[in-house]
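In the two complexes below, chain A is the common chain; its partner is chain B in one and chain C in the other.
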Partner chain A sequence: MASIRFEQVSKRYGKVTAVAQADFEVKDKEFMVLVGPSGCGKSTLLRMIAGLEDISEGGLFIGGERVNDLPPKDRDIAIVFQNYALYPHMTVYDNLAFGLKIRGLKKEAIREKVLEAARILEIEALLDRKPKAMSGGQLQRVAIGRAIVRSPKVFLFDEPLSNLDAKLRGQMRLEIARLHKKLQTTVVYVTHDQVEAMTLGDRIAVMQQGIIQQIDTPQNLYRRPANRFVAGFIGSPPMNFIPGAINQSSQGFVFEDDSLTYAFPLPASAAWEPHTGRRVEMGLRPEHFSARPPQDGLPYASFEVEVQHIERLGHESFAFAQWGKYALAARLSADEDLEPPCRITLWASLDKMHFFDLESGRAVG
Partner chain B sequence: MKAPKLFFYILLAGASLSFLYPFYWMLLATLTPEAQIGALGFLPAGLTMDNYQLLADKIPIGRALLNSFIVAALSTTGVLVFGAMTGYVLAKMRFAGRNLLFFIIIFTMSMPFQLTLIPNYILMVELRWTDTLAALVIPALNSAFAILLFRQAFQSIPDDLIHAARVDGCSELRIIFQILLPNVIPAVITAGIITFMNSWNDVLWPLIVIRNEQLMTMPQLVALFAVGGRSEAQLGVKLAAAVLLALPIIVAYAVFQRHFIQSMASSGLKG
Partner chain C sequence: MKIQVNKGGKKGRGLAPYIILSPYLLHLLLFVLFPIVFSVVLAFHKWNIISPMEYVGLDNIQRLFQDRLFWKSVLNTLKFLIVHIPLQIVIALALAYFLNEKILMRGFFRATFFLPVVISGVVVTMVWQQLYGLETGLLNRALIALHLPRVEWLSNPYMAMISIAVMATWKNVGLYVILFLTGLQTVPRSYYEAAEVEGASAWQQFRYITLPAINPTLFMVAVLSTIGGFSLFIEPYIMTDGGPLNSTLSAMLYIYKQAFGYYQMGYSATLGLFFALLIMSVVAVQKLVIEKES
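Here is the complex of A and B:
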């Protein structure tokens, strides 16, 4: 049983606030991903869980116990670092065994645990080697081995795959997911990579400038981003944003862009009322455009665009186009044979549009 | 192409000869009967151990050798232990006044030893440590130079290595001695060699705090012997003392040659 609860936890370095009033819970056995741009405070949050960083304010609870003043070794956690942080002067076996030795386990018991961890991670052949003589992928396996050998209550990962090449990263991602299923422990996983976040997390906490913006399942983050930052962060290429305002016309509420060239009707709802006349941004994901009108009978909008550049990925293409004075990115099926520059019409369902208050960034509607 | 190279070698050979010849001559002279020393050139003239025998009779040279070893070994151990600890704190711990503390330590390096000689002596008298080896060992248990060296070395070690050790259950001392030191071996060797040599060669401080002949170190005893009257102006005996003084350093050099050169180059200091 090891849930992790943050109660109004803040961390300050002098005048810099690295983490501001984090208040959330990681459930027992949950795989929680912390994601956000570099410098947003992810590692700081993780190090506070580990006890490597003092908590300036608030309370941190692991398994219901307040751990603010508990040293790292007594928290029953293990951590995997981006740059592996293996002991360079020890063999792989000793790297794995070190923590157990310090805890005073018998030689035989240590041997058994180390061999078991080595077997799970398929690093048995490396046990006599020193870190210097290994590749990045092997080093990361050993680092994970060092974490699992103690069977801790909580695993912490700080960007463990960032130093690996793309192919290896994909492999290790799968393995970490498998390992979590097998070991059934609580995991907090830090990354700046949204693909890792989306594929690994039971839930994802999106951070920016020390503040947790939204915590939800990958699907919900994608479908209902709470604010403009989350909307722009999740998804690649990122969501398109068109500045404008919500106005009331004779047909009901409409979104009008800043140049007053375009207007889209909004679904009838009283939710628009408080935002009438306010400046907002309309957000539309590239993958929600299509080069053909949608056939599902739902209301849609059309965009006359000038395609300027196209990236062909084989199974799909990304079109980068100009729509009036706005730049748009659109994902198109690979069948669309376009020779930019060219003019085409893009279509998108109205219900795929997101709206964010320009001032607060919060989702509206 | 060939000629300049040959010329270069001749020059080098001449230069090294001019360095080595005095040593060779000294060694030869100690093995030569006193009467023949004046006429000594390149070749031995008679062979005798009398000079060494005489030396051992006149002064407790064996005892001094032992004292020097004790003092140098303890100082070196102390400097490695406490220098590493201080260097770790300055490199990896965050606290108010850390940089100020570091600058003060660096500043003491730039102060000539002579400046603190008298206050230090008074301190030894007050503590009643004069005429004990404590006066030689205890003030030498840490050094600004070693602190600087360890601080720089530890700074290049990523914080996450220390974090990993802490999560593994290491105390701060274990982090320093089991995790960090094994990864900064060149710094350990440099600090070790330089501390040992400084201690071994020090004359001034022992002269001030030690009067008891049984507690004197090699360089102190040899210096007193050579300039004092007891050598009775016998060159061979004086030189025998000098040989015994230089011998341990020469042996150490032969063993740790590579590290010596490295440590001189990396510290920018002459021992």
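Here is the complex of A and C:
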């Protein structure tokens, strides 16, 4: 039973603020992913939970207990490092047993726990090997094994899959999800990979420049990004952005692009009122384009584009096109047989459009 | 793609490689190979440089085994090693450990500890001779100021070799600090962090992580300081000339004295060769231990 609560937690290195006023809670048994570009402060946040970094300001609570001044060993946490940090001179067995030995457990008890962890991770056959004689995937399993062997209250993962190749990464992702289901422990998982974040997290905290931009479920982050950064960070290829302004016309509110070439009607809502006349960016995800007009009867917009390049992935294709002076990426079905350069019309539902205030980046509407 | 391999054929190369190598080859020939061969020849002769060489068969070797002073000098050298090597390793490791931490003016301290290594051994010895002085030496003055009895650093036969070993340690420790530092820096930070989370104390981290990780460096330092220690010469030569009562007469100093003090070139060569074999066998044992460990 352990929730983790951040109360206005900041971390400063001299004048640099690595984490600014983090204020959120990781619920008991929750899988929380911290995601963001390098240097956003996500690892610092994780290392503060572990006790490997001091907290400059605010309070950190694990299971209701304030742990700011508690050394790492007394926090009942385990951490999996990016480089695995397995001791090269010890066998897998000794690596797993190390923490238990340090804590003065009896030999038989250690043996039992190590074998149990090895069984869960299917690394029984590796117990006599040294790290040098193992593959990346095996090392990763052992590193996770070392974390679970002590049955800690909280698991911390610091970019655990970045050193693996793509195929293995997918496999280990599944295993970590399975393990979490089985062990029912609170997990905080740091990654810069949005696929890992989306597939693993019960909730995701998106960070940028030391500030948590949004914390929500993967679905909500994708559907309702709180600001332009989150909108651009989640999704691949990233969301298309077109600068313009919200104006009022005789037909109601419209979005007009900067070149005043295009205008799209906005759904009738009083929410646009305060943003009238303000500069905004319209955001549209590549997967919300279609090469055929939608049949669902909802209002849509059309874009006459010049396709310049196509990436064919087999099950789908990405078209990179020019629309006036704007570059657009669009996901198309694999059946579309296009030979760039060519001109086509792309369609998108109006309700898939996002709008962000240009100045603050906040979502509007 | 076809990769062209240079087979190193003689065609087209001519004399160029030999000309380029010639300075080194000349050095090798004159100052390494010739002395070795010549000393083997000398070992079977009696020669005082001026008179012609006289073949004496195995006389020199026979004399070696009966020469009690030579064996004393070997024993002295071993005594020196027993103080010098552990002292050197422990101090170097401790210094390297702290100089690897984020301490104030780390670069300054790293450079300072290395400085004695690059100062001439003669200069160092002369400075330490002043420090060790019986009446006017700084160390004894400090002891007197503290109302403690003064120490006969260099004039007491039991103390002299220890004093020399301490000085040699001061002189050489910087080199081993650098070697240990490079060893320590190859240990990833996350090893310590993982251990810290597991609950290992600073000592346990050192014992279970640092020491095994720097094992190869540890043995390298042991081998280097053994070889260096065996060739102890300058310090007793300048400080004590082997005294008092031959207590600081190192094997190297004795060999030197045979050659250039008594002009016993043949006998000196015999001692030199024998001593070289002794060093080689000690290093061979160390090498075996290293290979077994890793």
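Rule of thumb we're sticking to: the second predicted complex is superposed on the first by the 365 of 365 C-alpha atoms of A that agree within 3 Å, B and C clash if a C-alpha of one lies under 4 Å from a C-alpha of the other, contacts with A are read in each partner's own complex, and residues count from 1 in each chain.
One rule holds for everything that comes next: a contact is a pair of C-beta atoms (placed from the backbone, for glycine too) under 8 Å apart; a residue touches a chain by one contact, two chains touch by 3 or more.
If you're wondering where the values come from, they're calculated on a predicted model, not measured in any experiment.
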Given the superposition on chain A, are chain B and chain C in a clash or a fit? clash
Just chain B (first), just chain C (second), both, or neither: which does A:A226 touch? neither
With both complexes superposed on chain A, which partner does A:I79 reach: first (chain B), second (chain C), both or neither? both
Using the superposition described at the top, list the residues of chain A that contact chain B and also contact chain C. 50-52, 71-73, 77-79, 81-83, 85, 87-89, 98-99, 102-103, 146
Which residues, counting only chain C, touch chain A once they are in their complex? 188, 190-191, 193-200, 204, 208-209, 212-213, 215
Partner chain A, residues of chain B touching it in the complex: 158, 160-161, 163-170, 174, 179, 182-183
The residues of chain A that touch chain B in their complex are 47, 50-52, 71-73, 77-79, 81-83, 85-89, 98-99, 102-103, 146, 158
What part of chain A is in contact with chain C in the complex they form? 50-52, 71-73, 77-79, 81-83, 85, 87-89, 98-99, 102-103, 146, 150
